[in-house]
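Have a look at these structures, which come just after this line.
Next come two complexes, and both contain chain A; in the first it sits with chain B, in the second with chain C.
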Partner chain A sequence: MLLDVRNLTVTLKTENLEVNAIDKMSLSMREGSIHGLVGETGSGKSLFARALTATLSDKWEVKADRMFWQGQDLLRLSPEQRGQIIHRDIAMIFQEPGRCLDPTATVGEQLSEVIPEAECVSSFWQRKKEIYGKVSNLLKKVGIKHYQKCYESYPHELSEGLCQKVMIAMAIARRPKLLVADEPTDAMESTTKIQILRLLQKLNESKNMSVLLITHDLDSVTQYADEMTILYSGQSVESGSVRDLLKHPFHPYTEILFNTIPRLGDDLKPKSRLTTLQGSTPPLQHLPIGCRLGPRCPRAQKECVITPKSVKLKGHVFSCHYPINLER
Partner chain B sequence: MIVYFIRRFNLLVTTLFLLSLISFSLAHLFPGDAAINFSGQQSLTYQEYAKLTEELALNESYFVQYIVYMQRVVQGDFGNSFSSDASVLDDFMRVFPASAELSAYALILTAIVGLPLGLWAGVKRNSWIDKVIFSSATIANSIPIFWMGLLLMLLFSLNLAWLPISGRLNLLYEVPSDTGILLIDIALSNLDNKYQIYQDALRHLVLPTITLAILPTTILIGMMRSSVINVMATPYIKAAKTKGLSTFQIIRKHVFRNAILPIIPQFGLLFNTLMTSTMITEFIFSWPGIGHWLIEAIYQRDYPVIQAALLLVSSFMVVINVLSDIVHTLLNPLVRKEING
Partner chain C sequence: MSVLLEVNDLSKTYQHHLLPWRVKPIVALDKISFSLNAYETMAIVGETGSGKSTLAKLLAGAENPSSGEILLNGKKLKQADNKTRCKHIRMIFQDPATSLNPSLSIGQILEEPLKLNTNLTALERQEKIKKTLNRVGLLADYIWHYPHMLSSGQKQRIALARALILDPQIIVADKPFAAMDPSTRSQMVNLFLDLQQTFGLAYVFVTHNLNIVRHISDQLFVFSEGKVVERGKTAEVLSNPRHVVTKKLLYSQQMLRKNKG
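Entry: the complex of A and B
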């Protein structure tokens, strides 16, 4: 196991409010896989990434039964040791890549500063040339053809897709074991989106780099990810291999989620309603007790006011009192 | 880009034109005879007066008068001072270096103290260090500069007797004026006790420089702090944190440059406050600079000097403002983007 998180709880603490934004969520990742983390806006996907990389501010409190990174519990380590491990092994890319690059420095400058100094072999006066070579290599690796031009450009002169490629180049400079991609293709054109996702897939295969793909785009997850975890309002709903989940979802939310994707050949009548779940996601101030899907769930019963335990069955892990598709 | 420069240049020319109009009209608005106000020659015989009136075209229309005035300004002829009877431009060139020297040192002190403190306060936002820096800056900002100057003088010169009260140099030393900038003049001179003279000159500099630097420093701290806070909240700083750069690296490579860029055009405004404070400071410390010269001229109703000083000082300020704008454009890639579309 590369990453094994069990019962992670992230609490927002302010003067008049204390909410578990993530409530007992679990996630485990195999080495070298692409793992999709799916959920609606505000379900705590990005929060999970930030809790993992320890970049949350003091207002947030992170607790977990365990947070194993290659057999080491990150939460039991001192902040410095933890920072070291995270810095060495985990890299992150974000949505809106254009805004995640320093607008006043050229792409070349920004890439040069992430090249680890320990990797430079040449002497001081040849350092610049060597770093330039390494940066060009990185840019080539992420599929930028005009790397020379890109090297000299400022971020605002590049398209969003190129910026994201630069971010990826920056992320793989340290050869991380895990790349956390936080909605990397949000608000991108579909061709650029496919390019970026293909690039991630390629890097995953060729460099054996695991990717945690955080997104609300179900299509990209079903296409590129091996496994997935579904979140709802900070609770993990179901996780397992993508193919299994598509075929035999055990949790009602999983089934509804996949049904919301309109497919070709579904014989949709004109002006008919698309399948949705009634209601909307609860805001942080008004979270229901127990299973947070409760008020919207078509199968909810009295027992659902108690938080369901996660059950492992046929390779899925799900938390529901009244699962579906069990008869078969 | 060139279009941008032309636009800026256009602004410069327009402002200078308006300033020259005001300066020109002053000679007519000031009490007394326009011919005397323009030329600065007070005791004239009738023939001389008639000749002067013709030279200045005072019998012609205002438009012609203005053209004649501008011709004289371009030639550097601002008339003579009432009080010293020397050419106003000569007087100006004599006092200007002293002011420029003082303002330059104050500006350097402002940058050395203000930028790091503002940066520090912004990075450690809401910590006690931020509160100490920001509140002391606010307090210092609200103290009137002439009062502050007098207090410093009272404490360090009169009570403790550490520093001299006023002037640029002890009267014992006679440094020939080549450039007008004292510290350079001392180096150029062939006096034997240079070390003592330097010491004396620097001791004279301390109080005026500090007094002058206080106000711009507090403004700079405020501007830098809010700019740093803005930058720290941007996504690229958050992204830089996950890249594994140390806090120091992030501040040096990303925060500092991005925070200082929006401040550069405001440096022009800072210069304006600096200029007015220079006048007050010079008067308190009897520093032989423009401020001292101008305020003396106002006391003595020296109209040619007032007229010329208004034109020269304000043109200087306008030029500095436009220059800081252009420098900002050259340095900031984001502004260049907006200009180029």
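Entry: the complex of A and C
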């Protein structure tokens, strides 16, 4: 097990309010897999990534039964030790790559900064040349053909897809064990999107680098991920292998989520109504008690005001009082 | 049925000044012609920089065309005549969070087009706002809210209400579903379809999600470098794509859909 998080609770503390933005969420990742983390806006996907990399401010309190990274509990380590492990093993890429890069420096300069100094073997005089070689190697690795031109350009001169490739190049410079991709293809053209996702898949296969793919785009997760975890306003709904979840979802939310995408192959009549979930996701100040899906759930009953325990069945973990697709 | 909107040889050229005396023309849109009826939806797909957003801007009057004409109900739309244009053709933008003024309440946002374009009294305006909010599935109480208090789906509904409030005939939407969650997205798709069936609206959608295009549109235009490379009935184009660009687009989205292994 690469990463094993059990009952993670992230609390936002203000003067007169305490909210559990993430409530008892569990997630476990095998080594060398692509794990999809799916959820709507405000479901705490990005918050999880920030809690994992310890980049949250003091207002947030992170608690968990355990947060094991390769057998070490991250929450029991001192901040320095934890920082070292995260620095060594985990890298992150973000959405809107054009805004994440420094607009005042060329791509080459920014990438040279990332190259770890300990890896350079040559003397001071040849240092510059060696770093240039390493940077162009990185750019080649992420599939940029005109790396010479890319090296000299500023971020605004590159397309969105190229910028994201540069971000990935930065992230893999230290050969991390886990790449956290926070909505890497949000609002991108489909042709660029597929390039980025394929690149991630290729890196996953050739470098044995695990990828945590955080997104609300179900299409890409079902295509590229091996396993997935579905979040709904901070509670984990269901997790398991993508194929099983597609075939036999146990949680009503999972089923509705898959049904909301109209697909090219389906025989859905044009202009007919799509299946939807009524209402909208609750804001952080007005979270319902118990199962947070409760007010919108078509199968909700009296018991749903108590938070359901997670149940493990046939390789799925789900938390619902009234699961579907179960013959008794 | 009479033709609602007719576009003849519409083109847009930008002048790029290399040096003060040397001008390089850039063709963003090259002689587009089409017609659109009420109850119909037209979808425009294409890659970045293919001129699809330019066409949306030209239709809404945000930019002046270099040549060609737009006919609305058989009458030519003059470029300077923004009054009739904005009553009949309204636009919705990609990101509702940035297209709504954060310092105005929803009531004020919706009242603005009424103040500028109609002779209604203050009371009638309030009535109209409440009716329009109901149409997009929101409570009348929302007039006291500010945009930051709403979720992204609700904000997009407000943007739609602002477009609907003048009872337009055509709505131009520039990637309205791009940044939406799956469940809110299907709610919005349903809302668009309902409104079309009740009020006979015509839609021009600029988008890159072929799954949604297939579901909602009647006509499909594929753009590449300012030219229409393929056009026709949506079902026919998608089931039998001829041009390389269409095939590439379809390929990329089918790849995304197909399951692993």
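Here is the rule we use: the second predicted complex is superposed on the first by the 323 of 328 C-alpha atoms of A that agree within 3 Å, B and C clash if a C-alpha of one lies under 4 Å from a C-alpha of the other, contacts with A are read in each partner's own complex, and residues count from 1 in each chain.
Here is the rule we go by: a residue touches a chain if its C-beta (ideal position, glycine included) is under 8 Å from a C-beta of that chain, and two chains touch if they have at least 3 such contacts.
Because the structure is predicted, anything quoted here is derived from the model rather than measured.
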- Where does A:E303 make contact in the superposed view: on chain B (first), on chain C (second), on both, or on neither? neither
- Task: Considering only touches as defined above, state whether A:M170 meets chain B (first), chain C (second), both or neither.
- Result: first
- Query: For A:P270, is the partner it touches chain B (first), chain C (second), both, or none of the two (neither)?
  - Reply: second
- Query: So, A:Q223: does it touch chain B (first), chain C (second), both, or neither?
  - Reply: second
- Message: Applying the document's definition of touching, compare chain B and chain C: which contacts more of chain A?
- Response: C
- Look at A:E31 in the shared chain and tell me whether it touches chain B only, chain C only, both, or neither; answer first, second, both or neither. neither
- Could you list which residues of chain A make contact with chain B in one structure and with chain C in the other? none
- Task: Spell out the part of chain A that touches chain B in their complex, as residue ranges.
- Result: 53, 55, 87, 91-92, 94, 96, 99-105, 113-114, 154, 156-157, 167, 170, 174
- Task: Please give the residue numbers of chain A that touch chain C in the complex, ascending.
- Result: 40-42, 159-160, 186-187, 189-191, 193-194, 197, 216, 218-220, 222-224, 226, 242-243, 246, 256-257, 260-265, 268, 270-271, 273-277, 280-281, 283
- Residues of chain B that touch chain A when the two form their complex: 234-236, 238-245, 249, 253-254, 257-258, 261, 332-334, 337
- Interface with chain A, chain C side, in the complex: residues 47-48, 94, 151-154, 178-179, 181-187, 189-190, 193, 208-212, 214-216, 234-235, 238, 248-250, 252-261
